[in-house]
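Chains: A, B and C, in written order; residue numbering restarts at 1 for each.
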Amino acid sequence: MGYVLTTKQANEIFAELSTQYRLFAPKTFGNEGRYSDTGCVRYGEVTCVEDITFDKKSEYSFKEAILPVMQTLFYFTEREVTEPKVDDKKTMIFLRSCDIHAVKRLDEMYYKNGPKDYYYSLLRDNVKFVLIGCEQSFENCFCVSMGTNTTDHYDFSFCKAHDTYEINLKNTEFISLFEKVNASVMEVKVPFVTENDVKVQIPDGLKAKVTSSTIWDEYDSRCIACGRCNFVCPTCTCFTMQDMYYTDNGKVGERRRVWASCMVDGFTDVAGGGSYRKNYGQRMRFKLLHKVYDFKQRNGFHMCIGCGRCDDVCPEYISFSNCINKLPEALKEVDQL
Amino acid sequence: MDINTKKLKKNAFRVTKVRGYTASRIRVPGGHLDVKFLPKIQEIADKFGNGTIHITSRQGFEIPGIPFEKMPEVNLALQSLIEGLEINQDAMNEGYPAAGTRNITACIGNKVCPFACYQTTAFAKRIEKAVFPHDLHFKVALTGCPNDCAKVRMHDFGIMGMTLPQLDPSRCIDCKACVNACKKKSVGALKTENYRPVRNEEKCIGCGECVLNCPNMAWTRSEEKYYRLTLLGRTGKKNPRLGEDFIKWVDEDSIIKIILNTYKYVTAYIDPRAPGGKEHIGYIVDRTGFDEFKKWAMEGVNLPKAAEVTDRIYWSGIKY
Amino acid sequence: MIKNDYIPFSSKILEVIKHTEIEFTFRMEYTADAKPGQFFEVSMPKYGEAPISISGIGENFVDLTIRKVGKVTDEVFEHYTGESLFLRGPYGNGFDVLDYESKEVIVVAGGTGLSPVRGVVEYFYNNPDKCESMTLISGFKSPDDILFSADLEKWKENMEVILTVDSAEEGSRYKTGLVTTYIPKLQIKDKNNVAVVVVGPPAMMRFSVKAFLDLGIAEENIWISQERKMCCGLGKCGHCKIGDVYVCLDGPVFNYVKGKELID
């Protein structure tokens, strides 16, 4: 079912939704770019349609809405632990097709890999997804290659068309929302990208043996191990535990989990000084094979969704997609060994 | 040949080693200009000079080899440049009205450079508008960050961009990129405490390395732009020295006010017998004492809350 | 409602056994199931958690042998006079002694690697009829680093125990040399009926496994235990992932057929 909304009607709907949901969407943070006098598009809470940035790719993904950068697991005293109180407001996330595919990856990790994750479920179980269509591909996108350019898994779509907003409703639970504002009913087709400039081809016979290829070596010096690629990635799920204390004697505090990056020093450090993958090229290899090889071995589909955010953000202009396209060469190399 | 050298100097020409020939200096506030002005410069050099130009150490152009008698024609030709580069002028077609206060120089700033904390050229132009024309020998330079590529500490007024870094602890993942960058590239004002960076406010120079290196945008820049104002550095034969910090975390308006106040101070205290009416401000301050200078300079200045003013400055430098 | 696996439980310290200056065994009150080779996340509020493998299992306790090498374990040592520690677990697959039954069992342990396999050795010590033979090669850096010396003495009763130190002062009563020196000398009756368990530092494991392969022991008859940064123990945090394997879920014990594929 489709609707077309005026800005006024859209904002009435936003007001209505805001009573039950935290509306999480890509927005422009005017002065918060890395460089002076630059902005940044990333996710944040919105209250009206004008808050949403439709025409740019967000630098960071939606994932922080269901997988916060930092999450308190519990508060502790010497003798007991207490869980934090949970905000019972539900979350509605405005996101693109590729990112909806990313949700499936997060679910795979947090619902299925090992026991179901308690804290993830608290947030994730109450999320509604609103699809933002893509009129055209952005720079570095390779969603078509990864098969994430289209989706049916959303509650309704919300696309900006000049001065109106077009809605394709999937979840009938929201019918009244649109009827209430007398939205004009119309056939609406969600725009999906059908071609990207960037294309990748993950070789069929990919195997763990490519680890010993020399294609990774150039990243030893090119990569600076900053982890930006992991933090902007909508499918990176790793975290580290932190015990934060409030008092000098450390008897009262909280345990948190915070995002972690397999590219950043310390990721594999074990007590006593051991660590693995000291070379940055090997970290690149570990990350890349996780995204386009071993995650699939374990779970049946690739982790990477082809959003290209890692390429967008890399200060050293390292292209993940370009590295994927070196895999056939790497395979040939290791097969000759 | 009868030439008033005092007058021609004020008109931004100079007496050169070649008798009968002068050179014209074109000021480019902030050191950045549209290429549409270049053909005119070329034309003047071709038509009146010897077909060469010198890119000056103060980011202007100097056209050498101009016969003195061509000065009025050169002034006419300069008019479009003076207007195009928005240089204040008393009367049209008479060239530059003064030369004492030198071109306001600037590094490339945040037009291009990732480190820069502001638009250096824009601020340079604002200062130019406020202070020029003036015959007093003032040198002002702006640089985008504490790297000081513009060498502002060798000027009377050195302006260094700063940003007051803002931490959103909820975005910090304790990767220590900021702490390491600050230690290795800057002043080591950050340390980790309880998995979060803690900024030593006294030490921090506002360079923004923490913001640049933060992979998760936990550090961002302050909405307000801040500056470090350094005072009375100079080159020269007598006692060259680096400018010392006067105010840290100062704003644009205060800087302009302080510079304008200093013109009044110098007018009141300059040595009337100074050769060529030219005396570095520093030597005047050496004479009146810093407190007197500060009294004049800070007249009517409303500093931002964050500003830290140095009580008394002691300069070092080379003494022969 | 989903179970919150992150909340630790408080466990009483029943006894502290001091092995060396930096290695203590904490006997913790615990009654549920546990297997040798599994691990607990031991937490010290303020300092965080550390994965500690189970070195012994009793009816109402588990033994956790802790080496003082990190900030968490330092704190555990400082505060063991307190009566309890917070624990989560047990996690991981552990050793399945059934795989080794009725075979010539050879356990090679390097340093603290003896902790996770201690339960395996104990099992065959208590049930000697369940294996064809039992051999333990246990190596330590120096005589001062030896763990479980009472056990090592006791085990000699019904199995071959080769206790060796990398180096010792002259006249020492200990054998010297790396564990790998003793592998080729082992008397193996039927190399197709052997179960080898190797646990220790990465280099020691690599060379030990190679020595067994050289003896003609098949890969499927060798088991190793991998130590990695195990942060959540729940297959979520990603720190212990190697290839398509999560050490905390799928390991830390791996049959060498899988284990050899694990490239960090």
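Quick notes on this structure:
Here is the rule we use: contacts are C-beta pairs under 8 Å (C-beta built on N, C-alpha and C of every residue); 3 or more make two chains touch, one makes a residue touch a chain.
Bear in mind that the values here come from a model prediction, so they are computed numbers and not experimental data.
Chain contact topology: the protein chains form an open path, each linked only to its neighbours in the line. Most remote from subunit A, judged by the distance between CA-atom centroids, is B. No other pair of chains shares as many C-beta contacts as A-C.
Distance between subunit B and subunit C, defined via averaged C-alpha coordinates, is recorded as 68 Å. Inter-chain centre distance (subunit A to subunit C, centres taken as mean C-alpha positions): 38 Å.
Separating the CA-averaged centres of subunit A and subunit B is a span of 45 Å. Within subunit A, residues 240, 242, 245, 260 each touch two or more of the remaining chains.
In subunit B, no residue touches at least two other chains. Interface of subunit A with subunit C (complex): residues 73-74, 76-81, 83, 109-110, 113-119, 121, 208, 211, 237-243, 245, 250-251, 253, 255, 257, 260, 262, 267-274, 276-277, 282, 286, 289-290, 294-295, 297-298. Taken in their complex, subunit B has these residues touching subunit A: 110, 114, 116-119, 161, 163, 169-177, 194-195, 208, 211-217, 220-221, 223, 225. On the subunit A side of its complex with subunit B, the touching residues are 29, 31-32, 34-37, 40, 42, 60, 68-70, 226-228, 231, 240, 242, 244-245, 258-261, 264-265. Contacts from subunit C toward subunit A in the complex involve residues 2-8, 10, 43-50, 67, 69-70, 72-73, 86, 201-202, 227-229, 231-232, 234-239, 241, 243-244, 246, 248-249, 261, 263-264.
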